[in-house]
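One chain, chain A, links the two complexes that follow: it is found with chain B in the first and with chain C in the second.
The block that comes next holds the complex of A and B.
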């Protein structure tokens, strides 16, 4: 979930921007010349995937897949998500410049955490283990993102407590679905093109 | 899907140098985002209004683009009026809406829309490629700019592939529902999308190497700084001087 412009306080905006700048710098530094088209095309794919809607109860939600972004890209998740959000801001007016840092951090930091927790597990021989690691990455990616969005709001002011709770509740069913779908994606990639998971 | 319909016009705003636009949007957003006093916001409101008239965009189109933005703001309206202590306005069951809460919501809504409107008017009146080019001139890391170029360039291509895959699924009678079958099919579909993007990226890189790519993106078309841009720069500068004056003095 993107937080709108003009809502968060200066300290929250600044810390978000700081973390995003550091993360992006780390992501870009580790990127070799030949990896640029690869990272960019995967970013395009994730951008398109975020337009895919899946049914959630009577409503529907779009895919987030930040856990998977983390597994496939590592620290490069920061520049990838930063670009995705910038494009969304420029094209559809979701989010804007001042919240770019916070919104990127809220999605990319969980992605990087998922990378460190699961990128080895995904490559294991057993398909079941791959699927479970994928599920956990998808689940945790959304869970941590929801928590970070809620925290960004609460750190801005105590009066956002109710909204923050709602944000977490809304994310609950999405976590499970993201987990299941990410699990299937990872199993699929392992069977069809294991090199992608090698990084 | 990702065409930018506003970028095609022929107004003063459309011909303004993208570098100026990016700087103005950044400065304006940051100055307005953490402001709380109505006087300053009133002054800040002049900019988007004037820009709107300069842009010659149709008001209906602009309003249509602003609607999704207000989804999050609407969410705040559901809770914030009841979360502040203060003078009681009305009660809704156990909930008490206060004057302070409602005023705070009004300020947030106002601010949010000001920033979005200014961003919309300034940035969507330039083609994205020009904006990326401008970012390059504003000294963003070249790798980030290259990533940006590629990502934007290939989104329509990947999206076409997605449309093909989902049409194929539909033709075979796929109907999404709340079941494992839907999640599996969606997962495999997205997996296929990622796989094809990956393989395409390899072909692209090989094609680049075959054409002698050595790590540099050469720019053939350079921006021309015109007198009008200097003039606009001076006007914006004076405007921001006023904004800072109201804010801090």
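The block that comes next holds the complex of A and C.
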């Protein structure tokens, strides 16, 4: 999911950076004091998750956890993911500093979409519904990110359908794994700390 | 909060194979050729990936594709200086490396040809030694590359430390503002 440096053209990089700046501003503005530790925690989880590799046939992919980050943070997913990606780029040479904007957009925008789609459902009385909403958020987060990566690469001359197909096939197991992880975590949080889901 | 820390520890445990996901290109000279190997950081070869070779002036001199093993080779060009080699794998992955070429093509060592030592000029000996050294250095260079692509635990803990530190700073300023 991390697009390397030196691939995208300036307009794509700039629009990615623009979306990221707006998203981060929105996320920071709405961040109350008590939400800061949670944001930091999920940012660290996102930072570490990318090191968990899942071998998939010829290629391999890693966890992203943007669905989880999104559903627990809302717009604050932008600053959380931006921070995680900055550190990944600086410490692991993952992606790159110039593509930070685009990469953040590709992973954080789906996170925010997941938030708006599922955050009400997660709070519902039935545990099953919470679990399903969590699963869908985890699943959809990765799926949408894959589509956005494909979309960003369209302007480099790669064909959208081809790249999209590849990204999605490679990440199919990841989608299921993240769905299950997110589902479990959300159900767990609901049982032990329901107020987290209220924020 | 405590549960979150559990999750973090769980992820840390899972990440036992600590490789960052990026694509690497490894270049070495062998038998008058430059050989390239492209692989993702967990060891899977970068198959069918586009290779671009640039000369020291930054002009593209060669284009190709890696094979099923992620390998590609081409004869050493007559250029002098650093060749830039770029590998473009699918899904926006890009790796880069460079290799210096000296203008003269080194004679591959141990080709089994009988050479009359008396007829060798300084230049020939230099080329032969160059070839032998390159061959001997290959495993060493590869080892260094492999070591470089490992993610170190200190990096991971450092990253988490940065995030928590930033959160601490933010909380500190917010608490000051409130007073």
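Keep in mind that, in the parts below, the second predicted complex is superposed on the first by the 170 of 199 C-alpha atoms of A that agree within 3 Å, B and C clash if a C-alpha of one lies under 4 Å from a C-alpha of the other, contacts with A are read in each partner's own complex, and residues count from 1 in each chain.
One rule holds for everything that comes next: a contact is a pair of C-beta atoms (placed from the backbone, for glycine too) under 8 Å apart; a residue touches a chain by one contact, two chains touch by 3 or more.
Quantities reported herein were computed from a predicted structural model and do not represent experimental measurements.
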item	value
Partner chain in contact with A:149 - chain B first, chain C second, else both or neither	second
Contacts of A:62 with chain B and chain C, given as first, second, both or neither	second
Touching partner for A:161 - first (chain B), second (chain C), both, neither	first
First (chain B), second (chain C), both or neither touched by A:50	second
Touched partner set for A:7, first chain B, second chain C, both or neither	both
Chain C versus chain B, contacts on chain A by residue	B
Overlapping contact positions on chain A, where the chain C interface meets the chain B interface	1-8, 33, 36-45, 47-49, 51-52, 55, 63, 83-84, 87, 91-94, 163, 166, 185, 188-189, 192-193
Chain A-facing residues of chain B, complex	1-2, 4, 25-26, 29-30, 32-34, 65-66, 68-69, 72-73, 75-76, 78-80, 82-84, 101, 104, 108, 111-112, 114-116, 119-120, 123-124, 128, 131, 141, 143-144, 146-152, 154-155, 157-159, 162, 176-178, 180, 182-184, 186-195, 197-202, 204-205, 208, 215
Residues of chain C that touch chain A when the two form their complex	1, 3-5, 7-8, 11-12, 14-15, 17-23, 40, 42, 44, 47, 86, 88, 90-96, 151, 155-156, 158-160, 162-164, 166-167, 170-171, 174-175, 178
Sites on chain A touched by chain C in the complex	1-8, 33, 36-45, 47-53, 55, 58-63, 83-84, 87-88, 91-94, 149, 152-153, 163, 166-167, 170, 185, 188-189, 192-193
Sites on chain A touched by chain B in the complex	1-10, 13, 24-25, 28, 31, 33-34, 36-45, 47-49, 51-52, 54-57, 63, 65, 72, 79-80, 82-84, 86-87, 89-94, 96-98, 159-163, 166, 177, 180-185, 187-189, 192-193, 196
